[in-house]
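Scrolling down, you'll hit the structures one after another.
You will see chain A twice below: alongside chain B first, and alongside chain C after that.
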Partner chain A sequence: MEFKQGRLFFLALIFFLGASIHPQEPSLTLVIDGPDPDNDYTSMEAIHMGEVDCWGSPGASGDLVGIYGKPVGASSLYDKACRGVLYEFLSATGGNNEFSHPTSILAVYVVSSLKYELSVMAQLNGDASVGLDQLFYKEDSQTEYIPFTNHPQTLVSRGTPGASYFFYDFGLQVEFGDKPGHYFWNLTYTLTSY
Partner chain B sequence: MRDLTNTTKEGGGMAKKNLVFCSALVLCLFSVPASFDAQETKSSAVTLQADINDVLVLIIDGTDVGENLYSEDYTTNETCILGTVDALGTPITGGDPAVNNQEGDPVDAVGNELTSPYDSKCIGSFYQFFKVNDKPDATQHPTSAIGIYARGTNVLTYSLVVQAAVSGTANVTVDQLKWKEDGAATPTAGYADYTAFDTTQHSIRTGGPGTLEFHLFHDYGLLVEFTDTAGPNIWSITYTLATT
Partner chain C sequence: MKRKNTRLFFGLLILWLSARWLSATILVSPVRFEIQIVPGKSDTEAVRVRNLGNSEQTVNIYASDFQLDEEGALSFPEEGTLEGSILPWLRVNPSFLTLRPKEEKWIRFTVSLPEDSEKELQGMIFFQTMPPGTEKAKGRQVFISARLGVVVYVSPKGKAKKSAEISDFLLKENLKDASLEYALFLVNQGNVHFRPKGTVTLRDGRGEKIASTELNPKAEAVLSGAHRIFEGKIGLGLKPDSYRVIAEVDYGGKTNLEGEKAIHFPSEATLDAFEAKWAIPGAEKKGLSLETGTLSVKESEGGLQVSVSAAGLSSYKYFELSDPPRLVIDLKGVDSQSFPESFPVNSHKVVGLRTSQFQAFPEKILRIAIDFQEKQNYRVRRDGEKVTIDIESVESSETGAGNRALGSQPGILFWATAKGSNLYQRLDRTLLRIKDSKGEILTEVPLRVQAISSGIKLEGEWEKSLPSGVYFAELAIFSKEQLLLSSFLKLKRKG
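Let's look at the complex of A and B:
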């Protein structure tokens, strides 16, 4: 009898505690938007940087035209130490919001009911003369570029629950040793809640 | 009369059962929220395409004012004005500032220097422009008539050739204009160390594989002969860089 009473008590306790601790299903959203004109966030974006070369010629095609490359390794293209050029795509700072991101090439929108971590990794398809790390990124508000890698790099750690926007600029280094051709960087952004 | 010993034993068993049941429930309760703490992951992908083009740059700078590579004095179309010259080697006037006042040296038919233009073997005078070898650097070429700069992406092979044509007065031929590398030994006089321009292509440099980068400096020399008909003469010199 005591056992039955105890069991009933514990069953009631289970119900009570179960009802009290039952959390909502965690909410997790990750969408991105590139420089295409639609300003629509999706889970799969394409960025076409157009035609570039190690002389820094302004691209005449692609999503961002008219951007010149700046010498790398020397102040002049004619310097023997010059390795190539760096094309900076939308390096200006500020002016981005949830409706548009005119000064960043990529906007990342995150919604999470829990703390989260955002990371990115990359792969490159093309001739081996071009390195994966010739593509760089930086936060829109920062000045220092970070090369992409083929292993995950943490962009945001301990992200605060809720909705957040992150804005990134890209840089592409084109070197004299690069073989001409089409190159594809596949970037994977991963959001993990915990 | 109840066996208190048995009752105590039964009570102890009951307590054990309750304890086990309770422990199981506690474990269940802890396991419920634990199941909601599992990580969840979402991914988004970007495909970024860049079309890398090759680059081939060939630019030159002549005797005009401004000889700085970094300041973009080098172009693809230069003009060198050598001014007024004659077979006696009279100092130049009316040319680019860098060539004015240059005198010609009397020479014989094979390019040797003579002591006097009045020597019967003298065929005319040879004007040497910037004959001194003074190691021009990347930005200036004060001791060479022309700077040649080439830059390009990865190539298997490359070749730089030059050819020339002359238009002007009678008896003046294309080979009266000559060139030599600035780094070559400085000749005392005469044109024996110079290479005559030609209407056919003459190889200047070949190389590869690898990235293409070189900077050359050439001196010019002009032979003016007594047989030349006076008047303006124009040499058109074409440098061609080809790659594979």
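Let's look at the complex of A and C:
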């Protein structure tokens, strides 16, 4: 019996090593996790921002919480320079870890054996009365929002090999001139090691 | 012993499960292929793709071109637009696949080279997850794809030729921290890519080594026929002396490359400003525009406009201080947390802005100091929670700031101010060269020289429509006997 258990242990060890490690074979792993409540990574995520309006209403439908709207280009909605509202989603800083990221929309997990490049690009589908650059992002610890573009924007240049986590907040600008409709941003996060 | 083994087994099992749980998404391996094949022949390789997630995934597989610009930035040009593309000679099968949770598959690809092939070709194979639910989406939604790129370099067997050249090496002083800044231009003249390694060494007048820095610490690639600019800083708190900066580059060829430049630090003359602006005749002048979430500085008619978004503002006051000249604005009820502590401007005689929490209790007071090079006229006004300061340049004719208009062509406006002992009297000639990212001289711009109270002001323009890219302006000021000052400026032209 003791011999059997020893063999079982040995087989389990081989299984564990065989299943998890491929020595001397460089690999890339990319995980993107959206604001879903399951505390787990999934590779196919969607972010439903709900029926936000251009008046900075604090409540919204959709899957997100922590929505805050502030005027665009003005100090208040009554300023004639105001174009609409920038909604910040989960824009508080910190408090994130690899399983849960309550203060940021996206958790990006990268594992690379070599130096790597991480970039993001966007495509807008649906009604054409809004601009692709009305969707913004920022690194969780930063304050400046950056508009998405249809060409790759570098997020990490020649990143250090190993495992790394990155957290991003989003902002959606809704302008007074926007027409009602359905707008879908497709974001592509690209990881490569050239 | 028996119990120990059982415990160890369960411990390992839990560790295995948690390790699997962590890696819940797509993985590819290997990540890079460097293949040598006989021209006219083909080679087949395979990439392992694995779904480490807990749900089924559809993965789209396709090939793409990639290129690296002179600063090493990666981009993916449209198919058919790039010379050196492997795409016409690359076949991937299948073009999509569905992976069950934890499932792994091998994807084969075949590359060949034309019989007359003399040079390495490259491309990327992408594995992109396809988000489900896009067809039923409503409202405003964002879908996410993870895309992994596997790089493929294919070179003709036995024909690899490594050749490189340092085409230029620029140097300038940084008086703020008494250091030197360099820009090294490297051209890959061979037919395969390389990842240069090397060092930049600083030696003083006696030849002793003062500092050394790694040239390409990130091991970035320089593609065949491409060029790269490596920029950096060397030395800190340098004492007045003559210095030599030596760059040694190992690109994998038979001998290393070496570049050397000498400089006297500090120079006899000092640059107060050296700036350039892209200008389009007839177009709206955009000029300087700096912005954070709470502060913005923009060029306006005859000066600058500073805007402060002051949430919670109840009242404000302002006053002037001298030595150095500055305008101080106290904003009551405003928290300093969302303001940058310093905000450099360096234009129109405004050095920059500084902010601090002047008072926290009983009422918060944010203090903003606007530092001037010399006293300026200004006007402060308030609109709700926004405070605007209009600054009128007193000596706008001396600052230049690119107010001069171009003729009928788009181009670049240059201006610089320099100071030094009897500089205007000692000045013999000036030289402003515009170089491309390979270090090749495109033109020499004649400069107009004017004596000003602190030294000299230089202005010039080049009426030329340039394509997008990186350019350098190299400035030198000579007396009859010697070089008084040299510097350079990087110019980026966006498409």
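Things to note:
Please note the rule applied: the second predicted complex is superposed on the first by the 166 of 194 C-alpha atoms of A that agree within 3 Å, B and C clash if a C-alpha of one lies under 4 Å from a C-alpha of the other, contacts with A are read in each partner's own complex, and residues count from 1 in each chain.
Here is the rule we go by: a contact is a pair of C-beta atoms (placed from the backbone, for glycine too) under 8 Å apart; a residue touches a chain by one contact, two chains touch by 3 or more.
Predicted model only: the values in this text are computed from it and were never measured.
The superposed arrangement places chain B and chain C in clashing positions on chain A.
Applying the stated contact rule after C-alpha superposition, one finds that A:W55 touches chain B and leaves chain C untouched.
Looking at the shared chain after the overlay, A:P152 reaches chain C, while chain B stays out of its contact range.
By the touch criterion defined above, A:S76 lies against chain B and chain C together after alignment on the C-alpha atoms of chain A. Of the two partner chains placed around the shared chain by superposition, chain B and chain C are both touched by A:F184.
Using the contact criterion defined above for the overlaid structures, shared-chain residue A:K115 touches chain C, although it does not reach chain B. By the touch criterion defined above, A:T143 lies against chain C but remains apart from chain B after alignment on the C-alpha atoms of chain A. The superposed model built on chain A shows that, among 2-10, 20-28, 38-46 or 164-172, the segment of chain B colliding with chain C is 38-46. Put simply, chain A uses residues 2, 6, 13, 22, 26, 28-32, 34, 42-52, 61-62, 76, 79, 106, 135, 170, 172, 182-194 to touch chain B in one complex and chain C in the other. By the touch criterion stated above, chain A contacts chain C in their complex at residues 1-2, 5-6, 8-9, 12-13, 15-16, 19-20, 22, 25-32, 34, 40-52, 61-62, 74-76, 79, 98, 106, 109, 111-115, 117, 119, 125-126, 135, 143-144, 151-152, 154, 157-158, 170, 172, 182-194.
Across the interface of their complex, chain A is touched by residues 1-2, 5-6, 8-9, 12-13, 15-16, 19-32, 48, 51-55, 57, 66, 68, 72-76, 124, 126, 128-134, 137-151, 218-221, 292-293, 309, 338, 383-386 of chain C. Interface residues of chain B, counted against chain A in their complex, comprise 14, 17-18, 21-22, 25, 28-29, 32-33, 36-37, 39-55, 57, 69-70, 138, 149, 151-154, 211-213. Within the complex, the chain A residues that touch chain B are 2-3, 6-7, 10, 13-14, 17-18, 21-23, 26, 28-32, 34, 42-55, 57, 61-62, 76-80, 106, 108, 129-130, 135, 170, 172, 174, 176-194.
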